[in-house]
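Common to both upcoming complexes is subunit A, partnered first by subunit B, then by subunit C.
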Partner chain A sequence: MLEFLTQYPLLAALLAMVGLGAGFGAVLGFAAVRFKTEGNPIADQINELLPQTQCGQCGYPGCRPYAEAIAGAGEAINKCPPGGEAGIKALAALLDMEVIPLDAEHDGEKVKAVAFIREAECIGCTKCIQACPVDAILGAAKQMHTVIASECTGCDLCVEPCPVDCIEMIAAPPSVQTWHWPLPDPTSREPQIIASDALPAQDRAA
Partner chain B sequence: MLADYSILLIGAILVNNFVLVQFLGLCPFMGVSNKLESAMGMAMATTFVLTLASACSNLVYQFLLLPLGLGYLKTIAFILVIAAVVQFTEMVVRKTSPLLYRVLGIYLPLITVNCAVLGVALLNVGKDHNFLQSLFYGFGAAVGFSLVLVLFAAMRERLNVADVPEPFKGPALGMVTAGLMSLAFMGFAGLV
Partner chain C sequence: MRKIFDFHGGIHPPENKHQSLGGPIRDAGIPPELVLPLSQHIGAPAKPVVAVGERVRKGQLIAAASGAVSVPLHAPTSGTIAALEDRLIAHPSGLCAPCIVITTDGRDEWIELEPTPDYRALAPQELLARIRNAGIAGMGGAGFPAAVKLSTRPGSSVATLIINGTECEPYITADDILMREQPDRIVEGVKILMHLLQPGEVLIGVEDNKPEAIAALSAAAAGCAIEVVSFPTKYPSGGEKQLIEILTGKQVPSGGLPLDVGVICQNVGSVAAIHDAVVLGRPLLSRITTVTGEAVREPGNFHVLLGTPMNYLLARAGYQPDRNRRLIMGGPMMGFTVPDARVPIVKTTNCLLAPSDAELPAPSPAQACIRCGLCAQACPASLLPQQLFWFAQAREFDKLERHNLFDCIECGACSWACPSAIPLVQYYRASKAEILELRREHARAEQSRARFEARQQRIEREEAAREARRAARKQAAQQRAQTEAGAGAGDEDPIQAAIDRARAKKAAQQAGSSDASGERDKLEKAVVTTRTRLDTASAKLQQARDEGSDLVEALQLGVDKTRAKLEAAERALQAFASPEGSAPQAGEPADAAAAAIARAQAARAQAVTMDPAEKARSQLEGLEQRLEKTRARLAQGRSSGEEEKIIVALEATLARLEQQVSATRDQLTAMERS
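Here is the complex of A and B:
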């Protein structure tokens, strides 16, 4: 066999290269099956960082499609107002990108708010229930509705459809995650070094 | 025996460093050195590919090309070997570390055309290395590449925040730094 091949170097070269290609092809084919990746693992990780409000303010139908757009199509990471700056920072760290400010289109990071239904005015039309992406509004047709505050993500999608405008967004009470030290009161910073200055006037006169 | 291999290793890592002394594989050296983390990922991927490709191409040369008298086909055959190994690495990285896969991006498939990889395979043939020597030489080259890539990335991270004159910012400073590093590595000449 070997002598035959060395007699015909052209044939030997052809066979060697075809054999090499076929061999590596087989190994790679096996590896492709063995190391198959299901779905897009990076999209899963992005999806976990998104706030899951499903509010659609990014222009995608929900958090998962936005995560897939970031992972696949290289969509900008600054289109999620509910996630805010903290969300952008987490995404930037995950994807090894620069932190960029929130998209101008979605500007003005809002204070975390929850929807509040003025129940006396509610006519029970269920329009806000249909609009709510996280099923945080409780109620039935012609019955008064109310918001489950712990479920509300503050996306304000329910404000628009209300025919009697009885839904308002109120600032959420600070939680352990959102609480900050209050800023120092500027008047308390004026130094009062001289003790008698602090005394009432008539004391000084006496 | 042991001394031979350690000399081979040190020679490949320091004295004949593939990037700074032989100027092979400069593309990832400049391209992936902006961040230390991605540089480390690239270093590991290249180490894997270089070692494996060096050993595989030695096997192909010794047991396929030489017996058939096809030594002249070595360049094409080695490119085939390297491409297959890189493809394999890409699959493994994609499965094991999707983040690294994303960070490395186009530079991962570009290891295929990293001239250091083909350079090592061809130098192995030129120096008549046997299988074990090829393995060590490939590994040494890879460690040398990783070493300078990580050092360079660390320096560039520091230089990014340094106050340098405007025209020197970015790639220009990178080139100057690379030149100075190369100068330093030339100092190893004559060690082995």
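Here is the complex of A and C:
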């Protein structure tokens, strides 16, 4: 056998290549079965970055389907108005894509708002309850409904189905709890709020 | 002498403390109106428990704590609740927040207090509850609820209790004067904490620029296990983590709490308030505030009721608004500009600084960073301020976090040290807030996702349950049908079974015709049902004709048959109703239906031979007869007060017949013309 191979180096090389191919193929095939990942990990990562408002403004019924569409069908990453520019940037960084402006279909980023039911006008039809993707509306048939403000994602989906138009989106007014310091603007000449940024002239001299 | 450690960095800004130490603590008095923000501390705002117009006495609870990290609020003097409304508060945002407004009556009437001079008799939990109920929030400036800080986890022991009398920030002397004038209050308060926490050692840390305070405290603490430690003055040695390092040499781990290294820290002002709360039973109603700066003529320390408007207090110190450009709450390093001089003093207001323009000039514009590294040398938390600055500018939040932004204590030493006057600490503060905001958003998104998924699952579950019910119903129906078929005519088809059933019924009817009224009912019923059937059949026929369907013949046959049946039924009914005899006439075949079929068949056979015009004519004749009959029947029914249902049915039939007659007549004339 050895002699035969040494006599026919071409065949020997062919055999060696085929043998190597078969060996590695077997290893890879085993690995593919043994270490199979369930689901789509990219879709999960994208879903992590989406704001989970479940508003459907992207044209998909919820954030997860949109994430799956981006991961699988190569859907554009600029269809999420609640995520805004920051969301697009995060998605672009994850997927190593160009940052693109928000889809022109959507009229820009909106201020975050929370649904409010004018309870005196509510007829208790439960249509908004069925529309709410996160079960943030409380009520029963022929009973007044109300929004659990802390659970509302501001997706607007309840506004449309209301037959008496008693739902409005109210932007949360800025409060002491939600306010935070803005980043300093290097070009502004406004005095900074902390006092220590200015050394007393005489102390500097001293 | 105890070993004193040092912490990294730190700066030595001009102290400017002597201005406000010229005299003893002065009482600011009772202003006409007190404004008490519901949130004067870190944590959830308190909930008001009083109504507008209610009279309150000094020390009365006006807002209760809401949640674990929250403190209650008490009326600082007697008066009437004037309003529960949003008022401008001392906050860098310049926003309004919910406040309780009290119109004071000047009588300063106390509620019944519950003094406990013998606090040793109280269980630790009871002591903690007293401290919590007294509304004490950290008086050093941060305002963390004291009771939360003091509640140790079970199993963890406190090796060192540190009382912070450092007061390292320039200008502020509120703690200094408190230690000088009321060291006994502090020492008694410390003893209460010792009883509560059973610490291994107790240290009161004071910077060496306060010799009078050190002397007074040492004298008061003589003879008990409290050590007053003085150490070199350096900003920010009053920071909790810095002070712990100075006194014990231990570093609080990044993101950890002092308790992780067995230390609990309390401010001297808080300790004095704890003494009042436990021994005297008095809740936190007032505090000592330094009023200083070149824009006040008589700087000094004031004993001031919480909720006192700042301008009221400033007036007591000889405030000159024209010399003052901005009013600062807190010190020059960590304070902030208040939006308006009418905002109230709160639990954390340790200083009001009213500097003149020359004293604290407007900052020069920021220059480019020259990478000198002075900020890194000054940073007491051993961070890299330059790196943090770049990342903050580029909003690279994950890198900021990796460079331990959250260990920044926002002391402002880097900003102070920066030769390019870059507002470094402002960048960190804003970035921190933004990161926290993002974290909150992310937590919210997580919750929304969980709720969305829960809802999806619920909908699926409900759908599955509905599907299961539907399947069960279907199966039950199948089973029922099978058992019925089994019980009936075996495998015979249902139509045959129905025919059999109908036959059996008929036979039974014929057999049991003795009951006269029952018979009559049956006959009437037969008439009505047959008529309805006829109506439907005729309508169908008409439709088929209009559409030119090839079913016309079959339908015609059906209609004829039904009509014959109806006539037979009517005859039977009439015969039954007529006084001559209750039995059907002798000449009539027993089976009316069979006779009708025979007649219809004959008519059909005849119709085949007849030409269309003749056929139509005979049809018209038949229809006219029927019309007559129905008319008569209707008249009879009306006169004899028949059931309304039947009258209505008859009228409908009449109308339809009339229509049919006219239609057939038209057809006939058309045929004849052609």
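Going forward, the second predicted complex is superposed on the first by the 155 of 206 C-alpha atoms of A that agree within 3 Å, B and C clash if a C-alpha of one lies under 4 Å from a C-alpha of the other, contacts with A are read in each partner's own complex, and residues count from 1 in each chain.
Throughout what follows, contacts are C-beta pairs under 8 Å (C-beta built on N, C-alpha and C of every residue); 3 or more make two chains touch, one makes a residue touch a chain.
Computed from a predicted model, the values in this text were never measured in an experiment.
**Q** Now for A:Phe24: first (subunit B), second (subunit C), both, or neither, which partner does it touch?
**A** In the superposition, A:Phe24 touches subunit B alone.
**Q** Quick one: name whichever of subunit B and subunit C touches more residues of subunit A.
**A** The larger set of subunit A residues in touch belongs to C.
**Q** Between subunit B (first) and subunit C (second), which, if any, makes contact with A:Ala32: first, second, both or neither?
**A** first
**Q** So, A:Thr153: does it touch subunit B (first), subunit C (second), both, or neither?
**A** In the superposition, A:Thr153 contacts subunit C only.
**Q** Name the contact category of A:Asp135: first (subunit B only), second (subunit C only), both, or neither.
**A** Only subunit C; A:Asp135 stays clear of subunit B.
**Q** Let me test your reading of the model: by the given contact rule, A:Val176 touches which partner, first (subunit B), second (subunit C), both or neither?
**A** After superposing on A, A:Val176 lies in contact with subunit C but is clear of subunit B.
**Q** For A:Ala12, decide between first (touching subunit B), second (touching subunit C), both and neither.
**A** first
**Q** Please output the residues of subunit A touching subunit C within their complex, sorted ascending.
**A** Residue positions touching the partner: 47, 50-54, 62-64, 133-136, 151, 153, 174-177, 179-184, 186, 189, 191-203, 206.
**Q** Where on subunit C does subunit A make contact in their complex?
**A** On the subunit C side, the touching residues are 13-14, 39, 45, 89, 91-93, 95, 97, 326, 328, 331-337, 353, 355, 358-366, 392-393, 395, 412, 415-416, 421, 423, 425-427, 429-431, 433-434, 436-437, 441, 444-449, 451-456.
**Q** Going by the contact rule at the top, pick out the subunit B residues touching subunit A in the complex.
**A** It is residues 35, 37-38, 60, 64-65, 67-70, 73, 76-77, 80-81, 83-84, 87-88, 91-92, 94-95, 98-99, 101-103 of subunit B that touch subunit A.
**Q** Inside the complex, what are the residues of subunit A that reach subunit B?
**A** Going through subunit A, the ones touching subunit B are 2, 5-6, 9, 12-13, 16-17, 19-21, 24, 27-28, 31-32, 35-37, 40-42, 45, 71, 94-96.
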